[in-house]
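Chain IDs A, B and C follow the sequence of writing; residue 1 opens each chain.
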Amino acid sequence: MSVFDGLKFRKVYSPIHNLDPRVKFIYVCVVFVAAILFGEILPLLALFLMSLPFVLLAGVQKEWLRSLRGAAFLATFIFLVNIASSFFTSGYVLTAASVESAAAMTLRFVVLVESFSVFFLTTSPDHLGLALEQSRVPYEFAFAFTTAVRFVPVLAEEAQTIMDAQKARGLELEKGGILKRIRNYVPVLIPLIVSAIRRSLELAEAMESRAWGATKKRTNLYALKFHRGDFALLAVNVALVAVAIYVRLYLPVPTLSQLFWV
Amino acid sequence: MIEVEDVNFVYPNRVEALRDVSLVIKDGEFVAIMGQNGAGKTTLVKHFNGLLKPSKGVVRVDGVETTKTSVAALSRNTGFVFQNPDNQLFSETVEEEIAFALKNFGFEEEVIKKRISWALNLLGLTQYRETSPFLLSGGERKRVALASVLSWNPKTLILDEPTIGQDYQQKEKLRQFIVQMQAQGKTVIIVTHDVEFVAECSPRVLLMKEGRIVADGEGREILTTPEVLAQSSIVLPQIAQIFMKLAPLGLPKNVIDVYEAKEMVLKTLEKRRK
Amino acid sequence: MAIIETKNLTYIYPGGRKPSISDISIKVEKGEFVLITGPSGCGKTTLCRCFNGLIPHFYQGELKGEISVAEMDITKHQTHKMAKHVGLVFQNPENQLFALSIEKDVAFGLENLGLPREEIRKRVDWALKQTDIYDLRERSPHEVSGGQQQRVAIAAVLAMQPEIIVLDEPTSFLDPLSAEKIFEVIRELNKKLGITVVLVEHRLDLTAKYADHIIIMDEGKVCFDGDPREILGTEETRLIGVGIPKATLLFQMLKKEGINLSNVTPLSSEELATLLLEAFKNA
């Protein structure tokens, strides 16, 4: 059940959580673009460190570190592949520059993953759903998203109950070789799927009964309004794009080896 | 025999579901565990077949500690019928559904065939042997679930909220069925909040509130003590409500059965006429 | 004109072999509290779905006969049109709440109708207060109890301000105390706001006393239709398999023994207790 615990969002009130998700998303896109513009370690390091104030202000350090650990495996893989390819293509020579370039590629990957992680860690599903509703995304998709999130804990509990019910009929999920174990999950999956289908039917009835589809001009109880923080972040985004483009076009970016061995 | 000694249980999300629970259920007893939703009733009975293991304290079934054996082994003697039959139905035919547990418990082919026929017959489902369980009505699916648990003839039967969504006739059949099981010497434990149903069956009643057992005794005593019931947010059965109001005239308060009520009223009227 | 009127209403589900309801002819007056009951499979759920247009629009199938609800022929109006006049509350509390917060759920129908934000806010707050869950408005539906979830469902339907609210076994999954609270809420809506209530229920011991009008169905047909006190006092009702209130049963049993406590059949323990006290005093 611990896996599902992380999906139970708690209502957190931090200045970062209160920022408009649309602005935060633009920030993530900007970081994404900046990360792609630069292949050098220093700017990528700067982009990486820029996430830290957000993480700390939002109080999500533990979860953020956990997601870093999750990315570690793939990051190591990317590092090794890059090292290996430069090793073999440069005639079995390993230079400081090639190590640094491999490290930069890895860091680029980490920056991309981490900016998305920060976005999802600091945006509650309610907020995200609301942002989807108020953007140009068709309402059906926003609705599908929020309903899915709403039912995740319900389905998780049901899966647990189904496993209990089948265990009480002698099903031993842990026993047997790989094939047997997979087959053991059939009595758990089928009731889960059937129940999901039944549930969707009941939900559809309830939706119809509450005027679903009455008009294309759907209104909303809440309105996402921009506050000072949002304008500040928007300004940061614009500045970031401007600086990134300027640096890329007009300034030479030193590599670490150049800095330290010169 | 089920022995529960000073059991505490805390869920992973830190909710304390059971606090200092101790009780003994002897073979052949009929027990109704009652209380508000969230009082810990289902949590408690899940300890009887090992689905949950106590955080503190010991649960022993027939002398064996539940932590020292598997759910499958405990289930061989303790059948658990869950509230929603759709949580377990998955087979193509009713026959296969009932065979599932029998196969898991290692019964032999010929025995399995006999047991299936016996269980189908017991619950009036013989005509549905080859039918898909998903095509049956709600009440029929409940009976299939019950048949599949009875098929391996456990000596203890646990029914979790068996009366939900049932109409009056279905509940009557259930009550008669429990009487039958009892006559066979089985231990029957039901988790329910249906006072009227319990009033008609008159079992031993365990009342729970916030993870503790607040009352344990004869149905007719507990179900007619409003202070005790109010603690667990249980409503008095209708007959008991009536006799509460008649108490000032000297009539006994612990009447929950309608036939007994009739006799009591007739007797009292006779007495008063004289 | 009656607010709900059907003439020879018959319906077969797509692929079904026999009708789920046949020849149903009933009339419900404005402001009535109607109780529909009967053994499982008698067609009460099917009938409910005819009242707001789920049948025939959502379920397709064959609908014959006439039906008018809130002076509209449901076969000619889409379900979303009917939603403004008839609200439907379902059995399973969890499967009719889709939003991440309770007040957003109550607002759902109003948002669908495209009402302006201030109007939505006003109606949501009003509906939450009517069902006594205003304090829970920012919670997630999954965090609250079944009884509270059903009150959210009722509030969500109430916010659309329909003339009729239909409830299909709303307390099936609830304990008796929560069920009583729900029935009290429903009764308030009927008495204070004049909303016509159609309640499908098995638990007559808790609901018979509220009803002005009872309809008992069996095998798709209407068997009894009229005053609860007259109908529940008869032998026949019990024989169909309807669980009459224990107080009424005791009354009938005493009547059989020659003790006629009253001409008016009691439907609750209070009523019978009063009759018994009288009888004892006069003995």
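In the analysis below, contacts are C-beta pairs under 8 Å (C-beta built on N, C-alpha and C of every residue); 3 or more make two chains touch, one makes a residue touch a chain.
Not measured: the values here are computed from a predicted model.
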Problem set entry | Partner chains that chain A and chain B have in common | C
Exercise. Farthest from chain B in C-alpha centre terms, which chain would that be?
Worked result: A
Exercise. What is the distance, in whole Å, between the centres of chain A and chain C, each centre taken as the mean of its C-alpha atoms?
Worked result: 45
For this session: Could you put a whole-Å number on the gap between the CA centroids of chain B and chain C?
Result: 29
Problem set entry | Residues of chain B that touch chain C when the two form their complex | 36-38, 137-139, 164-171, 193-196, 233-235, 237-239, 241-242, 245-246, 249, 258-259, 261-262, 265-266, 268-269, 272-273
For this session: Spell out the residues on chain C that touch chain B in their complex, using ranges where they run on.
Result: 38-41, 91, 145-146, 169, 172-178, 180, 202, 205, 241-243, 245-247, 249-250, 253-254, 257, 259, 269-270, 272-274, 276-277, 279-280, 283
Seminar exercise, completed: Interface with chain C, chain A side, in the complex: residues 11, 125-126, 129, 143, 146-147, 149-150, 153-154, 199, 202-215, 217-223
Problem set entry | Interfacial residue positions of chain C with respect to chain A in the complex | 49, 52, 54, 57-58, 78-81, 83-84, 87-88, 90, 92, 94-101, 103-104, 107-117, 120-121, 124, 138, 140-142, 153, 156-157, 160
For this session: Under the touch definition given earlier, write down the residues of chain B that touch chain A in their complex.
Result: 12-13, 46, 49, 51, 70-72, 75-76, 79-80, 82, 84, 86-90, 100-101, 104-105, 134, 148-149, 152
